[in-house]
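Two complexes, one shared chain (chain A), two partners (chain B, chain C).
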Partner chain A sequence: MYDAPHTTERDVTQTEIKIAAKNVQVYYGDTHAIKDVDVQIEDKTVTAFIGPSGCGKSTFLRTLNRMNDTIDICRVEGDIRIDGEDIYDKRVDPVQLRAKVGMVFQKPNPFPKSIYDNVAYGPRIHGLAKNKTDLDEIVERALKRGAIWNEVKDRLHAPGTGLSGGQQQRLCIARAVATEPEVLLMDEPCSALDPIATSQVEELIDELRKDYSVVIVTHSMQQAARVSQKTAFFHLGNLVEYGETGKIFTNPEDPRTESYITGRIG
Partner chain B sequence: MTDASMPTDTPRHGKSIMVADAHTKKRNASEKRFQAYGLAAIGAGVFFLLVLLGAILSNGLSAFQQTFIEVPVYLDAAKLDKNGNRDPEDLKKVSTFGYNPLIQNAILEQVQAAGIDTPLDKASEMKALISASAAAQLRDRVIANPDLVGETVDFRILAASRVDGYLKGRVQREDLARDKNIDAVHLDIVDQMRERGLLAKAFNWEFVFGADASESRPEQAGIGIAMLGSFFMMLVVLALALPIGVAASIYLEEFAPQNWFTDLIEVNISNLAAVPSIVFGILGLSVFIQFAGLPQSAPLVGGLVLTLMTLPTIIISTRAALKAVPPSIRDAALGIGASKMQSVFHHVLPLAMPGILTGTIIGLAQALGETAPLLLIGMVGYIATNAPDGLVEGFMSPNSAMPAQIYEWAKRADPAYYERAWGGIIILLVFLLSMNIIAIILRRRFERRW
Partner chain C sequence: MPAYWLFLIVLAIAAVGFVLGRMRALQSAKGDSRALHSLKGYYGWNVALKVLIPALLVLVVWQLAYPLYTNATVAGLIPEASVNDGSSADLVLAEVRRTANGLEAAVASGQIADTQARDTLADPVAMTDSLRSAGQIVTSELTTPILNAAQHYRAMGETGALIRTVVVLLVAFGGLFWGLSDSYKDFRARNTVEQTVKYLLIAAASIAILTTLGIVLSLIGNTIRFFNLYPASEFFGSLTWQPSFGGGSELGIWPLLWGTLYISFVALLVAVPIGLFAAVYLSEYASPKLRAFAKPALEVLAGIPTIVYGLFALLTIGPLLISVFGPDGAGWMTGTRSVMTAGIAMGIMLIPFVSSLSDDIINAVPQAMRDGSYGLGATKSETVKQVVLPAALPGIVGAVLLAASRAIGETMIVVLGAGAAARLSLNPLEAMTTVTTRIVSQLTGDADFASPEALVAFALGMTLFVLTLGLNVFALYIVRTYREQYD
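Now for the complex of A and B:
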């Protein structure tokens, strides 16, 4: 295990480190997209990545479950460990990793199938359910965790694409938790949603913190302040500052962080 | 055509928007002009389509009708079955030459009984009225049913091609001087027989289901066997081109790394789609017939050649269909831990299905209408053959294909074949139209929104 982050934190309860990244470099062809990022993400905590567009926060998020593998020209260097295991080790199957590190995307992307099949797909391919009753239970539990059960329980076999944007996004979250991940990555999950749907999803994120380590990329600093306990500020591919959310927003150490949160760069 | 708006010197402020200024007028005029060009282009297209359809229908519909003579024929036992035991083996010894006099007699008797005024009084002089195929048809019927010998049976015989042409207006009395096959005396008989209802045009199923016939008996020729040839070729194309094409596209689109080698493959597939089909024909000749030793003129070889020709079409349309599936669906599947293959087969492929099916059917339709490669593997020409007995026979025995049959008819000397060529085109177009309708139905059925 790694030591606690050297940046001193005040009121935060010391929890276990879930993800530890060291000297992470990401290249897109010749572009150096992520430069030397060190970060330690705690379990049962919401960690927010903020920063201006193109700063690399989404790129870094996608290195955590190796979604970047699908991009041919993308190259990752450095050391990223989940529970002490190097996820870029040759022995690691990215598919297995992604079952452990779930992801929710910017645009709600339910499969063009029924609500039930959307949620049941993950448990099915991972063999989590022994029989139909089992699967029904998993689906119900996941939809409840996704805070959407009451809205869809009467139409589980209606197409998932027929839901509203906010419902679709909560369905996608339910789909992600149905596979029992340990970490949940969220790439701007509310950017396509209206304020009401956004607040529902934010409440949900706070709920999910009890069981998961949640990493959320967001453009909205208010959102970061509302939902996260830890915040990382990225700028031009560098991790400028990482620490307790309260401290980042009230008393940032780096002048760039201060400029960004006060709206002078971005 | 659409120039970016240029900043004008005159200030725009303060002008009424009720009056269109010169710049706006010019812009609107150019838009109107462009729409007019488009309309004109569509108009021209529709006009030519109508001319084409009109020409095909007016020339080809008559091929579905044929002139028949209904006549009672006395099957003389003394001539057909000398031993009198009705043994099919004995009956087979009598060739069509034994039947011809019977039919000619029957016609003469009918002509005389009907009181038709003609200087002809010998049975053999009726030969010009009837198809050369009539004796063979009668013989087949007797061999199939030996008990008919000694009876008088009602027999519907094909009239000779010239008689048919006379009824359809193809053969004119003015041209008789140059025609050795029929003369005015016979046409007089035809006129009177028609008046008395002894001879009439009727729908001819033999044209749709029958086999090709020799140069001298166009009235007997049909496209049915060539249709079977096309059918067996399409089976080969479907069984090979669809799985190979879809597998290749999925690999190239979803799995293959992006490098110079895959780029090269991609460029070559696009180029293959534009290679003249006759090149595939000569490739088939040298590889499948000369090297692999497969039989000439066989639908199997034709199908293999057409497979090669169809593959690029299927690959290109399948790749386009796969590309059109939003990447968010792949991300979603990968994000919950599906493997690459699971994401492709569970999510991407079903969404791409309408496009794949459409591409496949269009590729098949293209293959169905292809003639040039068949020239080189010997599927064009007078291939007189009976319907194949089974699947193996269907793939391996010599056959023709619909477009090849049409080409073959179009190049024969007798103008009666000209009509049949147009008729064949109608049948081919019906097939192509139905395939396109199937493509549309499948696309509708599989189409889903996401």
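Now for the complex of A and C:
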């Protein structure tokens, strides 16, 4: 116990690579949306994607759990490995992959079901619970991880759509962690939330880092600076700069990064 | 002057007014159209509308009201004595009108002299003959009172037409001068015209609504007349439907209502699963190309006249059922007409209705909901079953209720497919009859319109109206609350 600060530090420094992307290209029909992106995302780290609107942050994020497969005109090339396994390999079932790589969306999107059923949705589909008590436990654990358990424990069977925006987003995070993913992708998870709900979600993200590799797209540079350890700056489909968050914000190498964080492009 | 001539003249005055109004406005601006408040056409329309609307309104009101007035006056002229037993004042009045029209036509074709036609002392027998030989229909021998009434009727028609012409033309010219005196460059012609057009639109909308109200009122009137002749407790309480035009009918609604609901139920059993599955396929699975082709193709089905479905029921579905369940097959079915025959045809008719509404509703489920499900590792079919359909459920229920209300009101298919036997039976292979078919059969044929056997049609119609109105209101309420959920 006496060396607790020491261990935390080791968590950050002694990281292993969770996701390795090499030479990734994404096309929407004829539009070349992602160009030659190479990036290595570490485990138990929060990685922020920043960049002006339309630069391809969401597109790249969605290649990591093959959500782009649901868009007909979208085509992905290159090599993306999670734990060394090529996720675009023919043998990989994208549906299974998405259980392992959870996703939280920009606008909170709870299903029109009860809070309990929202969280139990993933575990039920993937048969994670042996019985009802097991499922109850999974739901409770997920809601606690989502930092929303105390607010909803007395109304688990009320509809999820009846919660406030911030609560809905934390419910969606709880829903995503209920399937026990290894990576959590978040696409501007706070852009529809007020400042108080935002800081609650940010705290939660910091918590989640202990167990997951978190990738977050954000428009707010303050948010990137607050929650992330690594930052990637995208511009016009290119990954311009990638490194320690502190370094990107204080001492960027590329002039485009500097212009963006000082507010000259974006 | 006949009414259509008058109408054309008013139109002509309006056209002249249009040109004059535009000219006057332009003159007041010294020929510079930029100095006008509105575009110059608006000054013309201002005058034209001021001519047309009041004059045509007066014309229409006159056409509706004056016949009522002449009828009432002439009816007063007919002595009680000339209304025979077994006849009625209405019939005599009809005879008067026929005679008057006969006189008019005979004079117009020159076969009877005008003075002779006006002669109040003319011999009715001779007049009957000369009318007959002039080719005019006269049902019975004329009597002096009827002839005189007819002559009075004719005279009133003539003076009426004269007064009408004068009044309408006066109003039209009044409108013309009113409009022209407005045609000055600072007059806000555009605003006035647009206001007027708005009122015209309101009038059109009110006519549509008032007509509906009128239909309901006429139904209510006749329904009340029916219940004065036949006890409501019998109508709503009796389980037999046995009209006999000689009297002593039993007019219980239940066998008919049962047939209606049973056939509608079979129809929904066919239409709801097929329609819903088609909608799920079209909205969730079909490629955009296929969808662009298949959706309109399915909706074309909705444009087929229901009588065609009726023929299909009678000629195809019935014989098909007979070959399976008939004497040669299972032996449960005797005739081609049955609940199943009509129900299946009606179900086919309702498929596009259900599928098109459900398709819209499924498409209204936000994409974010599907993404959320895919993001958790759900497959397409899990997403459809567990997220999309539950989210769309209230709307789909609404769509089904709307389909049910169409099924209940459907007539032609059941007339041809369901049969005429009123019975309360559970066997779907037996012929049964519905409320709508009975309305048709009670009112066609030569039943006396004042008998309960004919009037019952209105009570049946009213019941149907209340039933479907209730269903529609309920369904629209559900659909609307559902739509608001995602706005």
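FYI, the second predicted complex is superposed on the first by the 253 of 266 C-alpha atoms of A that agree within 3 Å, B and C clash if a C-alpha of one lies under 4 Å from a C-alpha of the other, contacts with A are read in each partner's own complex, and residues count from 1 in each chain.
The rule is short, and it goes like this: a residue touches a chain if its C-beta (ideal position, glycine included) is under 8 Å from a C-beta of that chain, and two chains touch if they have at least 3 such contacts.
All of these numbers come straight from a predicted model, not from anything done at the bench.
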Simultaneous placement of chain C and chain B on chain A, clash or fit: clash
Which superposed partner A:Arg226 touches (first chain B, second chain C, both, neither): neither
Chain B versus chain C as contact partner of A:Arg170, first or second or both or neither: neither
Touched partner set for A:Lys18, first chain B, second chain C, both or neither: neither
Contacts of A:His235 with chain B and chain C, given as first, second, both or neither: neither
Which of chain B and chain C A:Arg209 touches, first, second, both or neither: neither
Overlapping contact positions on chain A, where the chain C interface meets the chain B interface: 65, 67, 70, 72, 95-96, 98-100, 102-105, 107, 109-112, 121-122, 125-126, 161, 172, 175-176, 179
Contact set on chain A toward chain B in their complex: 65, 67, 70, 72, 95-96, 98-100, 102-105, 107, 109-112, 121-122, 125-126, 161, 172, 175-176, 178-179
Of all residues in chain C, those that touch chain A in their complex: 287, 366, 368-379, 382, 386-387, 390-391, 485
For the chain A and chain C complex, residues of the former touching the latter: 65, 67, 70, 72, 95-100, 102-105, 107, 109-113, 121-122, 125-126, 161, 172, 175-176, 179
Footprint of chain A on chain B - complex, ascending: 257-258, 326, 328-339, 342, 346-347, 351, 448-450
